[in-house]
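Input: structures, listed below.
Below, subunit A partners subunit B and then partners subunit C, in two separate complexes.
Moving on, here comes the complex of A and B:
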């Protein structure tokens, strides 16, 4: 009950934000930040539950975005079906890839995720007849999407609320998942895979399921990105986006499911402030990452959780 | 016909040119507590690994559990068939609470005896604590508890008392002897602490250089000259 109340409160508070802020520029920035927060949540959840680092979640993000753009432009299916396929196809792909790749240890797995995502990037660049290469492709959205006027998905004020609610639902779902036996099992496998086998568990399938779930979350973010921007370029598949999502997760901390989302919000605010100061803003981001890694190894959420723990408050 | 609880036939394990286990055969009677002893490098842990399926397909020979050939089964299926083990180095889930990890083992074993095991292993007071935060001796008991969940038919214990004080070792040994008798578990135990071995084992097998050197009741084995020479040393004579 406490969990539901916390997420309800956070959901309502966030939904009221556009009315309080008023600035379209800031709302645009925050909407992008929340979409990236969903992506970072997927990346961070993989670290939390599987102990694995993905350099390729842009692949699932971009795949989701491209499926929306390509299928609406070519009128392959109704928008509802396109959104479903845009999330399910990357999820299924991740499940299959996971079952094969998760037998590999740490760095080898990370490199394979990078390779797979870059393969999709190259595909989008070279398959001009389908994806229009580096010129990108516009999504031809219908007038109504899931019963809502499609303009609601392309205005910062309304899209922020939609994305915020989606983020809260994702975080709520993950906080439930880590509390049920499957969450305990995947955490146990992360901790000691051999012992998990010796108490009678299959270990690859649960890990693949977590990988697929994190891919689904990334694809969901990609779908929201396509709906909001109405335009998709190969940059959404590029490894740089995977790297940014990982930085967000590290800055926010992965021990709490909400850590990477917090990291994404901090990342965007810092990026915006640093961008106002200098064109070399990536150096400031890099410096911040070094500072966080050294001074706050648990990330922002871990530090907050530690402080709350000392005050006797439990966190998810 | 009564089958041995656990039987290994012609078990061989090579590491390159080195033969760690050389066609070893061993059979445990149902309900017995068998001690497996031998000097360092004798092949004791390797034998435990081969019996429990830790070595995968890199070992040869057959393993039978109550007459059923489990040689081709991976470790998790051997566990589900009733063959459990603990490890020489503490092998638990440090970030989970004691209760959570024993509960997890109980779900895998499709049993609800998690609390019974927690009580039996005297872990009740620590149930809510993270395993990483409890003492080494308690972690060893958690390791054994993970293997005991679901009342396995055969239990392989690889130096369960390693690193424990003399009093803790004896306490654990007597606890295990009582549980094995009460739950009718057949036990194969590797242990360097001879007090532990002689206090709970009804039968000993001595390994030396990957081969079985001797078999028999503890008093007889203890008196065998070849065993004294290979392992126990003159102090045991």
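Moving on, here comes the complex of A and C:
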């Protein structure tokens, strides 16, 4: 019950933010931040439940975005079906890939996630007739999407509220998931896969399911991205985006489900503050990543939780 | 057709020289160096600058030397202090290094494409069954064969090579037998980085230099290392040759889907043999 109240409060408070802010520039930035927060939540959840680091979640994000753009442009299916396929297809792909790749050690798995995403990036670059290569492709969105006027998805003010609510629903779902037996089982597998097998559990399928779920969250973020921007370029599949999402998750800390989302907000505030230095942005985030990993392995959320614990406040 | 196969050998050779460095580092430190593609790129740029002043051969030598020093520093200041941490920590740190190095190169050399001329002695073409093929490309294949041969002899017959192979199978036991793994690994990481420099410089006359050139070859070399079997030297050679051919034939015959072919092969190999083609240490 308390959990529902917390998320309801956070959802309403966030949804009121546009009215308070009034600055369209800041609102645009925040909308991007929330879409990235959903992506980072997917990446961070994989670290939390499977102990695996993905360098390729842009693959699922971009695939979701491209399916929306390509299927609406070619009028393959109605928008509702397109959105569903855009989330389910990457999920299924992750489930199949996971079943093959999860037999490997964590390090090899990470290398392969990068390779898989890059293969899709190259595909989007080279398959000009479908994806229009480097120039990208515009989504031809219909007037109404899921009963809402499509302009609501393209304006920062209303899109922020939609994305914020989606983020809250995702975080709520995940916080329920980690509390049920399946969540505990996947943690046990993360800690010691061999022992979990000895007790009698199948270990590949639960791990693949977590991988697929984290891919589904990334694809959801990609779908929101395509609806908001109305335009998709191969950059959404590039490993640079996977890397950024990973940095957000690490900076935010993955022990708490909401850590990566916090990391995404910090990331965008830092990017905004960097201002003229953004030319050297890669070096800044690279340096930040190194410092946080070595000096602050719990990330921002872990540090907050630690401080609250010291002050005698109990956290979930 | 012969030309296509030779071009595949050129790419496979470059991939092998890069990938075997990853295998060497993995064998000693149990970590994957995500900055390896950046070392390849830095090697190409160092080669470019020195070539402009003192000619190609000086550029090649300088690049290998500079990268060897960078490799030793990498081991001393990154891999060694982090050796007791989760491998994920080291992986993230090398990924951070990748971003920093790419930005540094962009700042120093700019983002315009740069080109390097092959040395005069290797600049002609040879005629093979009616078509011509650049001598320089043949020389690249030769370098890859020399590296492969030299490394296998060294690993097979020298004492240090024995230690390296032993450590690839089990670093802990190797250390308990009295091998100074820290010194060994400083040397091996230096060699691995030097090979990345070598491969960067010899690829410079074949491609245009840009700060992002390390990315795609890093990813292909990851596929090579995993398909061949993480920690396996022979496996890396076999996988590099196969993927070099597939990559090249793919670009010629199905350009749109070329990048998918190595990936499909890799997934099939992993389903068939989860440990890769060849066992670690072999």
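What we mean here is this: the second predicted complex is superposed on the first by the 307 of 316 C-alpha atoms of A that agree within 3 Å, B and C clash if a C-alpha of one lies under 4 Å from a C-alpha of the other, contacts with A are read in each partner's own complex, and residues count from 1 in each chain.
Assume a residue touches a chain if its C-beta (ideal position, glycine included) is under 8 Å from a C-beta of that chain, and two chains touch if they have at least 3 such contacts.
This structure is a prediction, so every number in the text was calculated from the model and none was measured.
Participant: Using the superposition on subunit A, tell me whether subunit B and subunit C clash or fit.
Facilitator: Result for subunit B and subunit C: fit.
Participant: Quick one: classify A:201 as touching subunit B (first), subunit C (second), both or neither.
Facilitator: first
Participant: So in the superposed three-chain picture, is A:185 touching just subunit B, just subunit C, both, or none of them (first/second/both/neither)?
Facilitator: first
Participant: Taking the superposition as given, does A:276 touch the first partner, subunit B, the second, subunit C, both, or neither?
Facilitator: Neither subunit B nor subunit C is touched by A:276.
Participant: Which partner, subunit B or subunit C, is in contact with more residues of subunit A?
Facilitator: Comparing subunit B with subunit C, the partner touching more subunit A residues is C.
Participant: Between subunit B and subunit C, report the minimum C-alpha distance in the superposition, expressed in whole angstrom.
Facilitator: 13
Participant: Per the definitions at the top, what is the overlap between the subunit A residues touching subunit B and those touching subunit C?
Facilitator: Comparing the two interfaces on subunit A, one with subunit B and one with subunit C, no residues are shared.
Participant: Which of the residues in subunit C come into contact with subunit A in the complex?
Facilitator: 26, 30-32, 34, 82, 87-89, 91-93, 95-100, 102-104, 107, 215-216, 219-220, 222-223, 225-226, 230, 255-260, 262-263, 266-267, 270-271, 274
Participant: Considering only the defined contacts, which subunit A positions touch subunit B in the complex?
Facilitator: Residues in contact with subunit B: 181, 184-185, 187-188, 191-192, 194-202.
Participant: Okay, in this complex, where on subunit B does subunit A touch?
Facilitator: 52, 54, 74-76, 79-80, 84-85, 87, 91-96, 100-101, 103-105, 107-109, 146-147, 149
Participant: Contact residues on subunit A for subunit C in the complex?
Facilitator: Subunit A residues touching subunit C: 51, 53, 55, 97, 100-101, 103-108, 110-112, 114-116, 118-119, 121-123, 126-129, 239, 243, 246, 250, 280-283, 285-290, 293-294, 297.
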